[in-house]
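Below you'll find a set of structures to go through.
One chain, chain A, appears in both complexes that follow, with chain B as partner in the first and chain C in the second.
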Partner chain A sequence: MTLVWALLLLLNLFLYASSRLMMYIRVVALQGLLLGILGIYQHAGELAWSVLAVALLSTVIKAFLLPWFLASTVQKTGIRREIVPLVGFGLSTVIGVAFLALALVIAGHLDAVAGEEAVQLLVVAFHTLLTGLFLCVARAQISSQAIGYLVMENGVFVAGMAFAGRSSVVAELGVLLDISVAVFIMVAVIHHVRREFAGLDAANLTELRD
Partner chain B sequence: MVITLLLVVPVVAAAASFAVRQRLFSQSLLVGVALAHLVLTGAAWVHPAAPVLWGWFGLDALGLWFLSGLSVLLLPTSVYTVGYLRRRVKGPEDHSDSWFVGTLLLFVATMTAVPLALHFELLWVALEATTLASAPLIYFHRSRHAVEATWKYLMVCSVGIALALLGTVFLVGAAARAEVFPTVSGMVAGAGALDQNWVRLAFVFFVVGYGTKMGLAPMHAWLPDAHSEAPSPVSALLSGASLNCALLAILRCLQVVEATGDGAFARSVLLGLGLVSMAFAVVFILNQKDFKRLLAYSSVEHMGIIAVGVGLGGMAAWGALLHALIHGWAKGAFFMLSGNVLSTYGTKEVGKISGIARLLPATGLLWIIAIVVITAIPPSGLFVSELLILRGALGEGRPAVTVTFLLLLFLAFVGLTRVLLPMLLGAKGAPVAREHDDGRDRGESVWLVLPPAVLMAAAVLLGVALPEPLRGVLESAMLLLGGGQ
Partner chain C sequence: MGWERLLGVVVALLLAPLLLGVITRVKARFAGRRGAPLVQPYFELRKLMAKRAVYSRTTSWHFQVGPWISLSAIILALLLVPMLGQIAPTAFPGDPFLLVYLLGVGRLFTVLAALDTGSAFEGMGASRELHFAVFTEISFFFALAALARSTSAWSLSGVSTRHALLQEGDGVLTLVLVGVTLFVVLLAENARIPVDDPNTHLELTMVHEVMVLDHSGPELGAIHYGMALKLWLFASLLVSLVVPIASGSVWLDGALWLLAVFGVGAAVGVVESVMARLRLLQVARLIMGAGLLSVTALLLS
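After this line comes the complex of A and B, so read on.
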């Protein structure tokens, strides 16, 4: 499993350096797949069908359905493919590494209360969360903000794994539903923004101010 | 039964509105649901409602308090919405009335689920759903500004609420480790076994996350945009009910924190953020040129007042709960009035509006009352609640807090009256011709005037006297808030 954690961290770092929207989407899809594997592996002992079914459904949605939906939107609408960084890619990568150190420090502080195995998961969780936040803030297009939101949610999902006896099936389905609907609505609003502002640059969205 | 009905009726009605697509049907459906909502909530006052789904949904005193606030706001809002839709001139690309009502009903359904949700994860699901259901309503008018406001609302609140989900994960995780049920009552009962560190961390994320949705500064940036760009009935619900939903979510976590004996820490966080929010709001209130934004910043101020009250605890927290209820009604009413003014004058710019009193006599009269109520001049109910918070602050021996609180209240009062009063008087400001004006009634019909009048009356009545049953529920809610069972 250490391999999966390492892969997840690498994927995060990749996001800081990547300059293509489609690459973002692929990375998020891969993240979803890895989380799915991690989740199913965690539940392997119990094998309650309902738990397994939700884990599978979650994987399908996060690794295939949402990324496919985002990718097809990008293709259909001809959204500009290359990312416009507000913070350069080189500096971004440095920040990404700094965030990793930060995640290590935060998780390290929780060592006593969380237990050793959980701490490793928490490092991944915090780093993924910070990466998502970074994408929301430091990339100019609002389409990258939507992806940043998904990355953040993935981070929260990893944090959930750090606690063995996790949430109930019903609650997990509810969370999954909310996240999916959120992405669909975000894409719908992105269409409107594109029509009204002739582009997706977040800097255009500053007409409302005091 | 009551709880199941409260959860199901609005959703079914929303589906019906989408399916039937008939104007009159949708409008009557909306009022019907609001009426049913009020009756069901009333039933819960008479007979305690039995919990459903293993106690994940239930109604304790705190939930009942906030549910009632929503329920009382809902009926006038739905009547107002009918008037709003009747007056509206539909553009070629605009959504139909049925779409608006259906989405509004979904929004109502999600806001009803929040006070009923006792399971922390379901609470999160319900609150995120309020954002998702209300976002499409904000760009109902399809203007550039509305789209911009919608995106900011959706993004900032979703990111904020994602942090609240992390808090929820910590809380539920702490419950799992202590082998207690991750519901409010379960965690309060088993508080002794909970790891205080996780609960404390969870509370911080709750405050940052749900505080964003509640409009606490400095996470409030989306609020003035969304609340001012939304159609007025939606603004009324956003400011009057959805902010309270987020507040309740924070209070739910506070219950657990109090039960673990860490309440002082949590309350000081709320107190600090409350004062910061009031200060932020005052700065923007004093220089405001858009009257709907002004009302939105006033909501930030009032959420700050509530946070201060809860943070002080004791009598001040009692005042804060009262304040949340009354502010919801008063601000809802004020946004309805602002809708009447906006549709008549066709602008939100304060400088271009004068003579409301002559052009719209009924709205004008209510406008004065609304200013009195929202700035907490007696007999406003908010005067009583703010007085309670002040007495609480003095009783706790917090002179610095008391003085700051008073000063900020005074500044907000000056800012609000300085902008809102002159709009009433002056020459009959020639209203700007509305787009596609077809000469229908321009601002005032019974539909549009009666609902805010009723709400304002309710806001005043609670200031005059607090009926015994309300006092009883408030007392039980206070016990819960203190970490009791």
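After this line comes the complex of A and C, so read on.
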């Protein structure tokens, strides 16, 4: 499990350093897949059927469906790279490592609440959350910001895993529905912005237009 | 000091050019050629040593002593490196710093000799070499810090003997991350392909090769030999610090260790065959990125 845990952290760090939207999407898809594995592993003892079904469904949606949808959007808009992000890629990576330190500190303080074994998960959870937040704030393209939102959601998912151990099937289905709808709306917005402004720079949105 | 510990240094002095030969052979095989004999670097060194040096009238004594001082600094640095699965001839807490700064002294004199020629080309090469060095040194220290923290050993030999501590659980992660850092540092320090092209001194790749453009004869031989030793030094560090070798028998350990060093050489050859050189601005990003992996290892250990 340390392997999955380390891989998730390294994928996060990769998100800070890369400029290609397709790479972002691949990383998010891989994260979804790893989270699915992690989820099933957590319940390995008493694998109830409904839990397995939800885990599989969420993996399919997060690792294949939403990434595929975002990827086709990126292909259609034709904007495939972050060219001038608000924070440069070198500095971003340094910030990413600083966030890792921060996540370690936060998770270290929470070991009494969550229990010793959950601390590793919490490190991943906070780092993924911060990574998603950072992508939303520091990348100029709306499509990267949408991907940042998905990354944040992955972080919340891990945090839930750390705290609850097993969450109710209904809650998980609800979250899944939420992110799917959110991604559909964001893709619609991306297409609209693209049509109106001939670009996806979020700075455009300060202009008022019909 | 036991004399048998010097065996590693003697082996390094003898076999270092062969490592270059292995890299060239791997690259040739990748390109579908048969390639030069493995001992070609020895022939070239012998040829250079037999030649007479030519000095430009603008140069001073710096230019003549630079290569020899660099070579001596690298040989001294070799004394600190654990080799053949044994500990190094000299080891004390903090010796990584001495190692890095001995290499720094070597670099300083190569750069001074390059600047002494008064050629703009060589000045540019020198500037770039120093620019990369800033990043490789930091990354190297972070890699060492991560290893030192997880083994609580503060010398290179100490880390290599407490290696067993790292082979379970999170230690494996540290080894992998530090290994990547050290490999990138090896490529950068030895002017290999994604950072610099060892085969050319054209304008686009004016880094290490262009610095030594004006040297000739035995001095050029000293520089080439020094580069071979430096490559061997970094390959040894990578193997001794990161690759777990513990078969129980001293001889088998030594043989496996040698095999691993030549494996590193083959890996360098593969990287050189499948990658293009990076743009100058991206080199710093590559080396810093590799260093940050070690910072990650340091944080997680």
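Just so we're on the same page, the second predicted complex is superposed on the first by the 200 of 210 C-alpha atoms of A that agree within 3 Å, B and C clash if a C-alpha of one lies under 4 Å from a C-alpha of the other, contacts with A are read in each partner's own complex, and residues count from 1 in each chain.
Following the convention adopted for this analysis, a residue touches a chain if its C-beta (ideal position, glycine included) is under 8 Å from a C-beta of that chain, and two chains touch if they have at least 3 such contacts.
Keep in mind the model is a prediction, meaning the values are calculated, not measured.
Visitor: Put chain B and chain C onto chain A via the superposition and say whether they clash or fit.
Guide: fit
Visitor: Using the touch definition from the top, say if A:162 reaches chain B (first), chain C (second), both or neither.
Guide: So A:162 only meets chain B here.
Visitor: At the CA centre of chain A, how far apart in angle are the CA centres of chain B and chain C, to the nearest 10 degrees?
Guide: 150
Visitor: Give one of first, second, both or neither to describe whether A:93 is in contact with chain B, with chain C, with both, or with none.
Guide: After superposition on chain A, A:93 lies in contact with chain C alone.
Visitor: When both complexes are superposed, which of chain B and chain C contacts more residues belonging to chain A?
Guide: If we count touched residues of chain A for both partners, the winner is B.
Visitor: Going by the contact rule set out at the top, does A:107 touch chain B (first), chain C (second), both, or neither?
Guide: In the superposition, A:107 contacts neither chain B nor chain C.
Visitor: Counting only touches as set out at the top, which of chain B and chain C does A:13 meet: first, second, both, neither?
Guide: Touch partner of A:13: chain C, not chain B.
Visitor: After the superposition on A, what does A:129 contact: first (chain B), second (chain C), both or neither?
Guide: It touches chain B, and chain C stays clear.
Visitor: In the superposed arrangement, does A:140 touch chain B (first), chain C (second), both or neither?
Guide: After superposition on chain A, A:140 lies in contact with neither partner.
Visitor: So after superposition, what is the minimum Cα distance from chain B to chain C, given in Å?
Guide: Shortest inter-chain C-alpha distance (chain B to chain C): 24 Å.
Visitor: Which residues of chain A touch chain C in the complex?
Guide: 2-3, 6, 9-10, 13, 17, 89-90, 93-94, 96-97, 100-101, 104
Visitor: Quick check on the complex: what are the chain A residues that touch chain B?
Guide: Answer in residue numbers: 110, 113, 129, 132-133, 136, 142, 145-146, 148-149, 152-153, 155-156, 159-160, 162-168, 170-172, 174-175, 177-178, 181-182, 185-186, 188-190, 192-193, 196-197, 205, 207-208, 210.
Visitor: Show me the residue ranges of chain C that touch chain A in the complex, using the header's touch definition.
Guide: Interface residues on chain C, with respect to chain A: 169-170, 172-173, 284-285, 288-289, 292-293, 295-296, 299-300.
Visitor: Going by the contact rule set out above, which residues of chain B touch chain A in the complex?
Guide: 53, 56, 119, 121-122, 124-125, 128-129, 131-132, 135-136, 139, 142-145, 147-152, 154-155, 158-159, 162, 165-166, 169-170, 172-173, 176-177, 179, 182, 195, 197-198, 201, 224-225, 228-229, 284, 287-288, 293
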